[in-house]
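Below, chain A partners chain B and then partners chain C, in two separate complexes.
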Partner chain A sequence: MKRRTRSILTGTLAIIASVIVFLVPFTFILMTASKTRQESAALQFSWPEQFALFENIVEVIQTRDFMLITAFINSTVLTVASVTLMVLFSAMVGWVLQRRQSRWNPAINLMVLAGLIIPPAVVPTIWVLQGLELFGTLPGLILIEVTFGLSFSVLMFRAFIAAIPRELDEAATIDGAGPIRLFFQVAFPLLRSVIVTVIVVQAVFVFNDFQNPLYFLPGDENATVQLTLYNFQSQFDTQWNLLFTNILLITIPPLVMYIFFQRQIVAGMTSGAVKG
Partner chain B sequence: MNAFKKRSKLMAALVTGAAISLTIAGCSTGGATTDGKVELSLLVDNTDANIATVEALAEAFTAQNPDIEIDVQTRPGGEEGDNLIKTRLATGEMTDLFWYNSGSLMQALNPDQTLLNIADEPFMDTVTSTFIDGVSTPNGVYAVPAGTGMGGGILYNEAIYAELGLEVPVTWDEFMDNNEAISNAGYDAVIQTYTDAWTSQLFVLGDFYNVLAEEPNWADDYTANKVNYADDDVAIRGFERLQEVYEAGYLNEDFASSTLDDGLRMLAQGEGAHYPMLSFAVSTIVELYPDQADDIGFFAQPGDGPSNGLTTWLANGIYAPADTEHPDEVKSFMAFIATVEACDVQSDAVGATGPYFIEGCVLPDDVPNATADLLPYFETEGGTAAALEFLSPVKGPSLPQITVEVGSGIRSAAEGASLYDQDVTKQAQQLGLEGW
Partner chain C sequence: MAITTERRLARQSKRPGRLPEKPRKSRQKSQYPMWFYIPAAVLFFTLFVVPTIASFYFSLTRWSLFDIEFIGFDNFAQFFREPMLIQGFVNTFIFGFITSGLKVVFGLLLAVLLSSQIMGRTFLRSVVFFPVLVSVVGVGITFRVLMDPFDGLINTALAGIGVDGPGWLTDPSYALLSVAFVEVWRGVGLATLIFIAGIVAIPDEYFEAATTDGASPFQNFWHITLPLVRPAMVTVVILSLIGGLRSFDLIWAMTRGGPGFTSDVIASVIFKQYQAGFYGLSSAGNVVLFVVVTAIIVPIFWFLNRKEADQ
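Coming up: the complex of A and B.
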C-alpha cells in the first residue's frame, strides 16, 4: 500500500515537471504569437489584450512573397531525402563493417570517427560543391546533410547489428539468400527499432539545421523553415509577435508527426537503448 | 557464387545511377537572364527599414529601366551576416549587389581584391567626400551610400527634463548633475541594456568627437599604433564614463538582463531619462510608441568641454563584387542611387533618421523630434566627427564584451581599456598594418 502511494506521488511529480518543462514554453509561444507588435515587445507572460493570432499568421505566411510556403516545401524535401539516404547508406556500411572483418576496417572506423570529431569547414566545402556544380542546389545540400549525419548513424547501426545473432545470416545463406537479399530481406527488417531512432534523431537535426542551409543554399527561393525566422528577427529590431507566430507554425509539422508516430518512436528508442 | 557477384554489381550500378541523377538535377537550376532582361540580385540584411529602402529603390529603378529587374534577398545581420558576406565573396557566389556597412567592417572584406572599384565613375561626383572616405582604400572606392547617416549620443526623455526643469547638458559634469537630480526624483537616470551587448559600447564609441576635439590626429596615430586607449588620458575617458555612471548607481536595476526593446520602452514610457544609443532607434520608438515619440529628444554625448559635438556614423553602402556578371547594369543602379531622386524615394519609403550623403538631398519636413535634434550639429561647422571605425580600420571584435564588464563593475576602466588594446592588436596584425 505504501509503495503504491509512493509510485502515484512520483508519477504526479513527473507529470507536473513535464508540464512545466514543455507546456509553459509552448503557452508562452502561443500567447506572444497572439499579441500585437507593441504588446509583444515587452515579452511578458501574460494574456494578450488584443487577440491578433489570425492576423499574425496571415502576415507571417505572406511575408516576402510567401517565403514560408517555399520554405516548408524545401525543408520537407530536404529532410525526407537526406534522412532516407542516411538510413540506407549507414545501415549498409554498418552491416558490412560489423559482419565482414577485413584489414580495411580500422581505417574505415577511423574515417567514421573523424567524421564525428573534425568540424566541417565552410569555404573548402563550397569549393568541392562548385567543382561538382552542386553549389546552391537542393541536391547539394542534401548530400551535405547526409555526409554530416552519416558518422553518427553508422555507429548506431554497427552497435545494433552486433546484437543480431550470426545464426540468422547463416540460416538465410543456407536457404540460398545472396548477400543483397540477406541484407534487405533478413537483416533490414530486424533493424527497425534502430532505424526509427536514427530517423527521429536525424530528422530533427536536419529540419532544425540553420547553419548549413544559410551557407550552402543561398537565395530566397531556396530558404528552409529555420531561415524564415530571420525575416522577423534582426540585429536592431525584432517583431516578437511575428517571430513567435513563425515559431508556432514551424513547430506544428514535427509535433503532428510525433503525435502520429508516437508509439513507434518510443518503442524504437527504448529497444534501441536496451540492446545497443 | 557468380550470381552473387552479378547482384552486387547491379546494386552498385543502381547506387551510382542515383548519385548521378542527383548531380544532373543540380545543374538545371540557376541562370539569371530571361528574354533580354537582366535580373540583378541584391542582398540586404534583414532589418525592416533596410529591406523597405532597398525595395523602394529597386521599384523606382525598374520603373525607369524596364530591362533591369532587381531581386531583393535577405541575410541575417551581425556577426553571422559578416561571416556570410565573407564566405560568399571568397567563393565567388556573391549576389550582383549587396548592402553592407561602411568603414572598418568594409575594410575587413579585403575590398581591393573582392569588390568592384567605382572610383572613376561619373556618378560618384555627387557623393559627399565624408562618405567616400569611409568606403575607400588607397586603391579604390567601392560603394554608393544607401539610407541615412546616424548620430551616436544620448536619447533623452524631454518630459522628465521639463518636469524637473533641467537643461540639455553640454559637458560631462552637467550631465552627471542632471543624472543626480533625475535619480533623486525616482527615475532611472541612465538606461543600459547589456543583454544586447553591442548597446554597451555607446559611451566609448560616442565619445570619439571629444577625443578628436582635443587630439585631432588621434585616428591616424591609432592606426599607426602610436596611441592607444589605456595610456591616453583623453581616449580612456569613454571607458571611465561607463564606470562612473555604474558606480554612481544611476543605472536601471535590471541593466544586465535588459534588451534594446526594454531600453526603448523604459525611455518612451518615462521610466528612465537617458539612453546612450544610435539615432536609428528613433524609428523603432516612432513605430512602437507613436504617442510618446514627441517626448524623445537627442543630444550628443557631452565631453569635458569646451567644445560639444556629435560623433556620427556614415550611411551603409551598396557594393558589388569584383566578379559580377553584369557590371554595366550594376553601375547604372548605383548611378540611380546617387541621385536626389533616390533620396526622396527613400524618405517616402521609410522616413529619414539622419542626413543623406548625396549632394543636394534634403530631409522631409516631418522628421521625428529626435532626428530634428540631430540636424543642428550637422549644420554647425565642426559640429560633427565621424566615429573611429570610419577613420581607422582598427576595431577589435571584443569591445561589446569588454564594455559590458566595465559597465557592470566587473572590470575597472583602466583594465578594460588595456584589454581592448590587446584585442585590437590581433585585428591590426591580421590586417597587416604597419607598426603593430
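Coming up: the complex of A and C.
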C-alpha cells in the first residue's frame, strides 16, 4: 500500500514537471503575442494587462506590404506541389522496388539509405540549379524538397506495400490490367492510409523547413513563412509582441494538421520502431 | 549512375529474348516496369548525386563568384588549422552525441511514464510531442527570450530560489550546451513516441509472469523493458544522430554560432563560408560533414542489419 502511494506521488510529480517544461514556452508565446509593445519589452512571463492580440495580428499581416500573406501563399504552393510529386514518385519507386526482384535492388536500396543519411552538399546543389536556371525560383525549391524527401517516403511505401498480398496483382493482371492500371487503379487505393501518413508528415516537414528556402530561394518576394521570422527578426527586435504573433500564426497550420491527423503523424514517425 | 542503370534495365526488359542468362523470363512485359524508377531517379541523380560528387571536386578549389582555381587540399588544411573551423568540427560531435544521448534517456523515461496507467495519458503524449511539429526557428526565438540573462523566465525563476543563473546563450562555456538542451526539448517527443511504440509491442505476459514471481517495477524495467525495447532504441539513436550531426536551423536561430564561434557546428560554418563567398571552403565543409556523418552512422547501421540477419 505504501509503495502504491509513493508511485502515485512520483507519477503526479512527473506529470506536473512535464506539463511545466512543455507547456510554459507555448504559454509564453501566447501571452507575449497578446501584449502591447511596451509591455512585451519587459520579456516577462505574465498575463497581458491589455489584450492586444488582434491588433498585433493585423499589424504583423500588414508589415512590409503584406509580406506574411505572400509568404503563406509561397509556403502553401511549395508544400502542396512538393508533397504531391514526392508521394507519386516515391510510391512508384516503392512499388517496383518491393514487387520486382532485380539484381539492381541492392544498389537502389543503398541509394535510398544514402539519401537518408548523407547531408546534401549545398553550394554544388546551387551550382546545379543555376545550370538548370532554377536557382532562386519556387519550382527549383519544390524539386529540391521532393528530392530530399524521397528516401523517407520510399521506405514508408516499401514497408507498407510488402503487406499487400500479391494475389491482388495477379487477379488484376488476369483481368487484363496493364502496369499503369495495376498501379493507379488497384494498388493506389490500397495504399490510402500510408499515403495520408506520408502526406501529413512530409507536409509538416516542408512547411517548417528553414534551411533549404534559406539557401535555395533567397529574396524577400520569395520568402516562405519560416523566413518571415528570420527577416522580421531585426525589424521586430524591439517589438517582441509582433515577433511572437508571427510565431503564433505560422504555428497554426502544423497545429491543425496535428489535431486532424494525429494518428497518421504518430504512425509515420514511429514506423520502424518495432521492426528496427 | 542510377539513371544509366535505369536506362539499361529498361532496354533489357523490352527485349528479354536476347538475354541468354534469363531464359525463364518469358513474360513479354513486366507488370512492374523499370521506368517507374525514372522520375525519382532523374531528380535524385541531378539534385543529389551530382552535387555530392561535385562537392568532392569543388572542395579542392578556391572558388568565388568570378573564378575557380584548383588548389589541392588547401581548404582542408585550412579547415583544420583555423581555430574557428576546428571548433565547429568538435562542436558537431559534442552537439550530436549530447542531444542523442539525452533524447534516449529522457525519451525512455517519458515513454515508461506515458505507457503506464496514468491519468491524462493521451493529453500528455500530445503535449510532449507537439514541439516536434512547431517551427524550429520559432522555438529558437522563444527560448532565446526565455534564456535572456536578466529578464528571461529561466533566470528569473532561478533567482526566485536564490540561484544566480548564468548567461545561457551569452556565456561561451554554456552557449552550445544551452542550444543542445533546447534541441532535446524540441526532439524528445519523437523519441518518446518511438519508445512508446516499442514498449507497447512487448507482450503483457512477460510483465505479468515477472510480477507474479515478485519482480519490482524497477526489475521489470531493467530486465524486460530495456532489453526488448532495443530496436526502438537503435531507431532513436540513428535518427537523432542523423539530425543532430547536421543540425543547423536551431543553432542559427538561437546563437548564429556565437558568442564568437563557440557554438558553431559544421553546418553553420558551411553557411557562413557560403555567405562570405568562399564557395570552395564551404564545399570542403560539406565533404567534412559527409565524412563525419557517414563514419558515425554507417557502422551503427551495419551493426543493426547484422543483428537483424542473425534473427
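In the analysis below, the second predicted complex is superposed on the first by the 218 of 276 C-alpha atoms of A that agree within 3 Å, B and C clash if a C-alpha of one lies under 4 Å from a C-alpha of the other, contacts with A are read in each partner's own complex, and residues count from 1 in each chain.
Please note the rule applied: a residue touches a chain if its C-beta (ideal position, glycine included) is under 8 Å from a C-beta of that chain, and two chains touch if they have at least 3 such contacts.
The structure presented is a predicted model; accordingly, all values stated were derived computationally and were not measured.
Asks: Figure out whether A:230 sits in contact with chain B (first) or chain C (second), or with both, or with neither.
Replies: both
Asks: Identify the partner contact of A:255: answer first if only chain B is touched, second if only chain C is, both if each is, neither if none is.
Replies: A:255: touches chain C, not chain B.
Asks: Which partner chains sit in contact with A:95 here, chain B, chain C, both or neither? Use first/second/both/neither.
Replies: In the superposition, A:95 touches chain C alone.
Asks: Between chain C and chain B, which one touches more residues of chain A when both complexes sit on the common chain A?
Replies: C
Asks: If you stack the two complexes on chain A, which partner ends up touching A:20: first (chain B), second (chain C), both, or neither?
Replies: neither
Asks: Could you tell me if A:113 is touching chain B, chain C, both of them or neither one (first, second, both, neither)?
Replies: second
Asks: Which holds for A:42: it touches chain B only (first), chain C only (second), both, or neither?
Replies: both
Asks: Does the superposition put A:142 against chain B (first), chain C (second), both, or neither?
Replies: The answer is first: A:142 touches chain B but not chain C.
Asks: Quick one: classify A:133 as touching chain B (first), chain C (second), both or neither.
Replies: It touches chain B, and chain C stays clear.
Asks: If we overlay the two complexes on their shared chain A, which of chain B and chain C does A:69 touch? Say first, second, both or neither.
Replies: In the superposed model, A:69 contacts neither chain B nor chain C.
Asks: Which residues of chain A are in contact with chain B in one complex and with chain C in the other?
Replies: Of chain A, residues 42-43, 122-123, 127, 132, 143, 178-179, 214-215, 230, 233, 240 contact chain B in one complex and chain C in the other.
Asks: Would you mind writing out the residues of chain A in touch with chain B in their complex?
Replies: 37-38, 41-43, 64, 122-123, 126-127, 130, 132-140, 142-143, 178-181, 214-215, 218-220, 230-231, 233-240
Asks: Please give the residue numbers of chain A that touch chain C in the complex, ascending.
Replies: Counting only chain A, the residues touching chain C are 7, 11, 14-15, 18-19, 21-26, 28-29, 32, 42-45, 88-90, 92-93, 95-97, 99-100, 102, 104, 107-108, 111, 113, 115-125, 127-129, 132, 143-144, 146-148, 150, 154, 169, 173, 178-179, 182-183, 204, 208, 210-211, 214-215, 225-226, 229-230, 233, 240, 243-244, 247, 250-251, 254-255, 257-258, 262, 265-266, 269-270, 272-276.
Asks: What residues of chain B sit close enough to touch chain A in their complex?
Replies: 3-4, 7-8, 11, 22-23, 25-27, 29-30, 41, 45-48, 71, 73-78, 80-81, 84, 87-88, 90-93, 198, 259-262, 265, 280-281, 284, 287-289
Asks: Any idea which chain C residues touch chain A in the complex?
Replies: Of all residues in chain C, those touching chain A are 2, 5, 9, 29-34, 36-37, 39-40, 43-44, 46-52, 54-55, 58, 63, 110, 113, 116, 118-120, 124, 126-139, 141-143, 145-146, 148, 151-153, 156, 185, 190, 193-198, 201, 217, 231-232, 234-235, 242, 245-246, 248-249, 252-253, 267, 270-271, 274, 279, 282-283, 286-287, 289-290, 293-294, 297-298, 301, 304, 307-308.
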